[in-house]
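These are the structures in question, set out in turn.
You will see chain A twice below: alongside chain B first, and alongside chain C after that.
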Partner chain A sequence: MTVQSALKGRVAADHGSTRRMRRGVSEGLAGYLFLIPWFIGLAVIVVGPMVASLYLSFTNYNPLGSPKWIGLDNYTRMFTADPRYLKAVRVTVTYVVLSVPLQLVFALLLALALDKGMRALNFYRSVYYLPSLLGGSVAIALLWRQVFGDSGLVNQVLGFFGIHAGSWIGDPDTSLYTLVTLSVWMFGAPMIIFLAGLRQIPTMYYEAAMVDGAGPLRTFFKITLPLLSPVIFFNLILQTISAFQAFTPAYVVSDGTGGPVDSTLFYTLYLYQEGFPNLRMGYASALAWVLLAVIGIITAINFVVSKYWVFYGDEG
Partner chain B sequence: MNTKSTFRTPAGRFLRHLVLVGFGLVMIYPLLWMISSSFKPEDEIFTDKSLIPKNVTLENYVHGWTALPNSFATFFINSGIIVAGAIVGNLFACSLAAFAFARLKFPLRKLWFSIMLGMLMLPHHVILIPQYILFSKLGWVNTFLPLIVPKFLATDAFFIFLMVQFIRTLPRELDEAARIDGCGFFGTFFRVILPLARPALATTAIFTFIWTYNDFLTPLIYLSSPEKATVPLALRSFMDAESGSSFGPLFAMSVVALAPIFGFFIAAQKYLVRGVATTGLK
Partner chain C sequence: MNLWNSRARVKAMVALSAALALPLAACSGNSADTDTAQPLDSSKPVTLRIAWSGSQDRTDRTLKAIDLFKQKHPNVTVNYESTTSTNFWDKLTTQVAGGNAPDIIQMSGQTLKQYVTSGVLLNIEPYVDNGSIDLSDWEKPLLDAQTIDGVLYGIPPGVDAHAIIYNATKLRQLGIAPPTSNWTWDDYTRMVCEIHQKGGAKYWGSEDGAPQYELLQVFLAQRGKKMFQDGGGLGFADQDVKDLWAIWGDLQKQGCVVPPAVQQENGANPEGSPVVKDFGAMDWTTSSQFENFVSLTKDQLGLVTYPFANDGTPGQVWRAGMAWSITKNSKNAAWAAALINFMVNDPDAGSALGTSRGVPASPAIRKLVEGTADAAAKQTFDNLTLVQATESAQITPVFPAGFNDFNKAYQSAYYNYAFGRVGLDDAVKQFMTAATAAASE
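Coming up: the complex of A and B.
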């Protein structure tokens, strides 16, 4: 060891020790200190209940008694002996499959229409975004009940054209679609994310495309869409997960029943009904774990499939 | 941006604005209809199709405000307490966690960070029932505690993630300068990072406000007595109480319920723009 490097070492050590004195605690310890609330939350509010919920899903549990182990009975009952459950799955899948793509298409179209530097861009953005903020509320779900009700706004407009329809909410064939409309109405949030994504695309690509004589459609499919695909993917994951968990609109529109004839019986609504009003907490826990598994699997599939259509610039 | 040549001409530009305004109007129309109906006498709501009421009345608001055994003032106070608690909790706990993840090196950091990211995608429903059992064992059912305490334990991973992303954009030289000036980790956090992270804190506060205020499932499960109800719960029972016959007061109270979100949105938008502008200047 040369004198120089030895000196350097000593200086570094001194520096280190004075720094440690000033800080009071080492960085490693400080990290854990800052995370204390999060660790408590993780253990008590998240992981503990998750483990408990997994255990309860193998039991017959009513909060007035104690859990009774019944093995896989809850899970087999779901798929073999519970028509309401299968109905809830059908309703939820229909809702997700319709509302997520429709919402994303609207979000993308509007984001494209709101061109960079156009007049009143901020105004339009706010107007289109507002429903996303309000849409999750009970007030809007109540409004939807009236808008699609017997003498509601939709039928007033249709009446103007000489078409007379009954209540869209009260008809089991259409009630679910009114909720899909509500979800599409809230396209503002993904639109904002698309707008930010569009800003990231360098204008030189568009200039080059123009020089090469590409038309608007070709430019869209060859430049905008591939470069925006990571953002589309992000929105797809986010909206799918939240669509599976939709609860408030179905509860409010159907008075908590999921009716008419279980046509708006969302998965989460059925879970709530079983767990709370019916006090079948073991069964409801099993329902919750199946939901978690399904969301996990669909997210995983999305990630695998994304390799074939999502384009990350740094790879190419 | 796009080579939509038709939109470049003045006529095209006008056409585009026409479409955008028209579409916006269709979207906002249900809201306008609700506001307008709330000022109409009961018998004119479904007969008078014009947006501007012929006879403006405040009757719906007066009647609606006190139609339930408790007035809406109670429900607003309840919602206010819960929302305020949730905002303080999220700002406190999520910023602490975010600072650790964004700035400090500690053993197993990567593992904890990926667990935090996993929590982002966790459906709340999985823990709903055991959480209820836990809180009922603690005797917290029918109090505001189950709605506030979890926020002080950084259970909204989304906000941790948001703040981590933001803190990572702040130059590390600031931390080092603070340390040379004698600041410890807590000093650096409180005096350097927190003030600079104000835009992220504002975003957290705004979204916590909107999500907590709109939340329906959690109060539905935990708050059973009518005088503890939040605004959304009250609106729901309002519909039952009026048994769907009188829409005027229902619309009026819906407007009142949406007003805070709307107001917060307008006010906070300004703050956000200013926040972005000041950080952009650095």
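Coming up: the complex of A and C.
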């Protein structure tokens, strides 16, 4: 709604007199002047290093020395001679495929529950959002190590029921799933967005559905879901991108090793290991560019596929 | 109106929100090589930067020594950077790449060659020759361990030995006699299984030491071999690694030592050690860690040598694993050398530093510090004396530049074997392939 009124304001300004137009030009200049610090930041902190890393991705670069041009060797090595790279890809894809849908379903269910107009809604909204604020932090990753450890909380509860499991963190068969759980637990951000989306669905549709005698399930699938689909799409894309870039949980839980036996070797963690401890910054740069390309392609595919399931009100 | 009901708006929001991370990389700059000593000028103000990694205790003690230096040389300002060891190397790499490395770095024997071949470190010899750094009564092997192609690149502050730390209180409770310093591998395996039997299902005899290259080093020394040949290349064969890992495979099968999953969960820092967290009685480490361990637990701890070979060959290893090095881009190399000399040779600095970097390397300071050492520190002196006195004790040499890859391949291959992902033969083959490549770097 605020966007709408802001747009209206701009339209009004555009239709002003020439005098006001001239003032508009100097206002525009002032605007760009104010933007300069941001542009400098963009150039120095984002674009510059990106160009540098593109160049470095074609070099053999030990950061202690100087880069040597090796053409496409880094890129061919990735796909032909680096088994750890393939492991990292497998771990990351598994993580994305599991954590994104689970997190979105969880966030949507809670948003639906909170949308029922319960008392102290603000309180619950804040409480459920807390994990998202904390989840990326080192403290929570350490806590996770305790919860899923050999003598951690999970095993104590299971032990109460007579089930004796080993260390969830230390076992290569389960360690990745503890990180998926951690990611699902951080459902707060998509939940808030879902909640906002639900609030925007006009109640008249529900009233009409009720009059027509539709049950709650039918209402959900025929009204809520289609009208919420742009929000779902938005959350899907953002969560997919951030899942591909997940780093901190694996770094902290595995002490930076991606262990046990590379079972939590996220793509970005491998990138970091190659660039810093292993001093292969050229290869790490190539890894980063491949990740950028892959995320770009997957986002593009998501946009293409979205035509078949996302319903925009303005296309009636 | 609905914020979400326009395709264009959703697209714009995605574009706004999607931020892609790329690693920052900076260009490197190295200043010219200098193989001559600069003069020491007390009339001008000088600023030195020094960086080290380690515990808070080490930092406090080092700062005390630096303060003493500043009192004697009021024209010198010293800025310090101290971090945990994980962050230390990442930060240093970035600083070197950015051309703003500190003047003095606390190097490690595992990375020395990498830094030297990349041209980061200064030849220190001119400052030894002109008397700025006095090494006249130092033992030669200590300095050999910092020498590459005949050039000295670092001054070791301290010395320590490969050693096992055990929980003496626990052993007493279980009624098991503590290990003695000429015990053998058979004694070790028998003892850890006895501890596990008496200690219960969740108490193990020892940490699994196999992922640590130090064990391989000692195991090879007991066979008269070395990890790396002097001229480059590996100094051992598949069978040596197989024999060592087979011992650990057996111990794992019997459940006597900490299982790999529990070990992975607790990490490699002293804080996660079975001895400290009380789920195992022994930790494979180095003698310089002893005081740190003592401060982390209420139990009484003991320090003992690595087990001897079953035929009695000691094959013990000690090291001067750390060194103060000067970077080539230092504008005040002469003052850096003076500060290093002060930290390793001055009696007051020696007292302040104590055993924070192991038993002091300078013989004079070692005697001084030993005289005032507390019980725990005294044990590290005794352990080192004992190890150095064993027949043909080795000092850890300069490792090849590819050591980091070698070490990672070693750990990764062993854990693949310990978790049952691959058999012993395949695990060793996997390691040997990577190790051969790394050793030639």
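Here is the rule we use: the second predicted complex is superposed on the first by the 288 of 316 C-alpha atoms of A that agree within 3 Å, B and C clash if a C-alpha of one lies under 4 Å from a C-alpha of the other, contacts with A are read in each partner's own complex, and residues count from 1 in each chain.
As a convention for this text, a residue touches a chain if its C-beta (ideal position, glycine included) is under 8 Å from a C-beta of that chain, and two chains touch if they have at least 3 such contacts.
All of these numbers come straight from a predicted model, not from anything done at the bench.
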Contacts of A:Val147 with chain B and chain C, given as first, second, both or neither: first
Touching partner for A:Ala246 - first (chain B), second (chain C), both, neither: neither
Partner chain(s) touched by A:Ala209 [first = chain B, second = chain C, both, neither]: first
Which superposed partner A:Gln200 touches (first chain B, second chain C, both, neither): second
Which of chain B and chain C A:Trp38 touches, first, second, both or neither: first
Which of chain B and chain C A:Gly166 touches, first, second, both or neither: second
Chain B versus chain C as contact partner of A:Ala111, first or second or both or neither: neither
Touching partner for A:Asn62 - first (chain B), second (chain C), both, neither: second
Partner chain(s) touched by A:Gly275 [first = chain B, second = chain C, both, neither]: both
Where chain A meets both chain C and chain B, residue numbers: 49-50, 52-53, 56, 63, 151, 201, 241, 245, 255, 268, 271-272, 275-276, 281, 284-285, 288-289, 292, 295, 299
Residues of chain C defined as touching chain A within the complex: 1-7, 9-11, 13-14, 17-18, 20-28, 30, 86, 89-90, 93-94, 96-97, 114-115, 118-120, 202, 259-269, 404-405, 408, 412, 415-416, 419, 421
Residue ranges of chain B touching chain A (in the complex, touch as defined): 1-5, 7, 16-17, 19-20, 23-24, 27-31, 33-34, 46, 49, 92-93, 96-97, 99-100, 104-107, 109, 112, 115-116, 119, 121-134, 136, 150, 152-155, 160, 179, 182, 184-186, 189, 210-211, 213-214, 216-217, 220-221, 232-233, 235-236, 239-240, 247, 250-251, 253-255, 257-258, 261-262, 265, 269
Chain A residues touching chain C - in the complex, by the definition given at the top: 1, 3-4, 49-50, 52-53, 56, 61-66, 145, 149-151, 166-167, 169-172, 196-197, 200-201, 227-228, 230-231, 233-234, 237-238, 241, 245, 254-256, 259-262, 268, 271-272, 275-279, 281, 284-285, 288-289, 292, 295, 299, 303, 310, 312-315
Residues on chain A engaged by chain B in the complex (per definition of touch): 19, 22-25, 27-32, 34-38, 40-42, 44-46, 48-50, 52-53, 56, 63, 110, 112-116, 118-120, 124, 126-128, 130-131, 133-134, 136-140, 142-144, 146-147, 151, 153, 156, 185, 198, 201, 203, 206, 209-210, 214-216, 219-220, 224, 241, 244-245, 247-248, 251-252, 255, 268, 271-272, 275-276, 281, 284-285, 288-289, 291-292, 295, 299
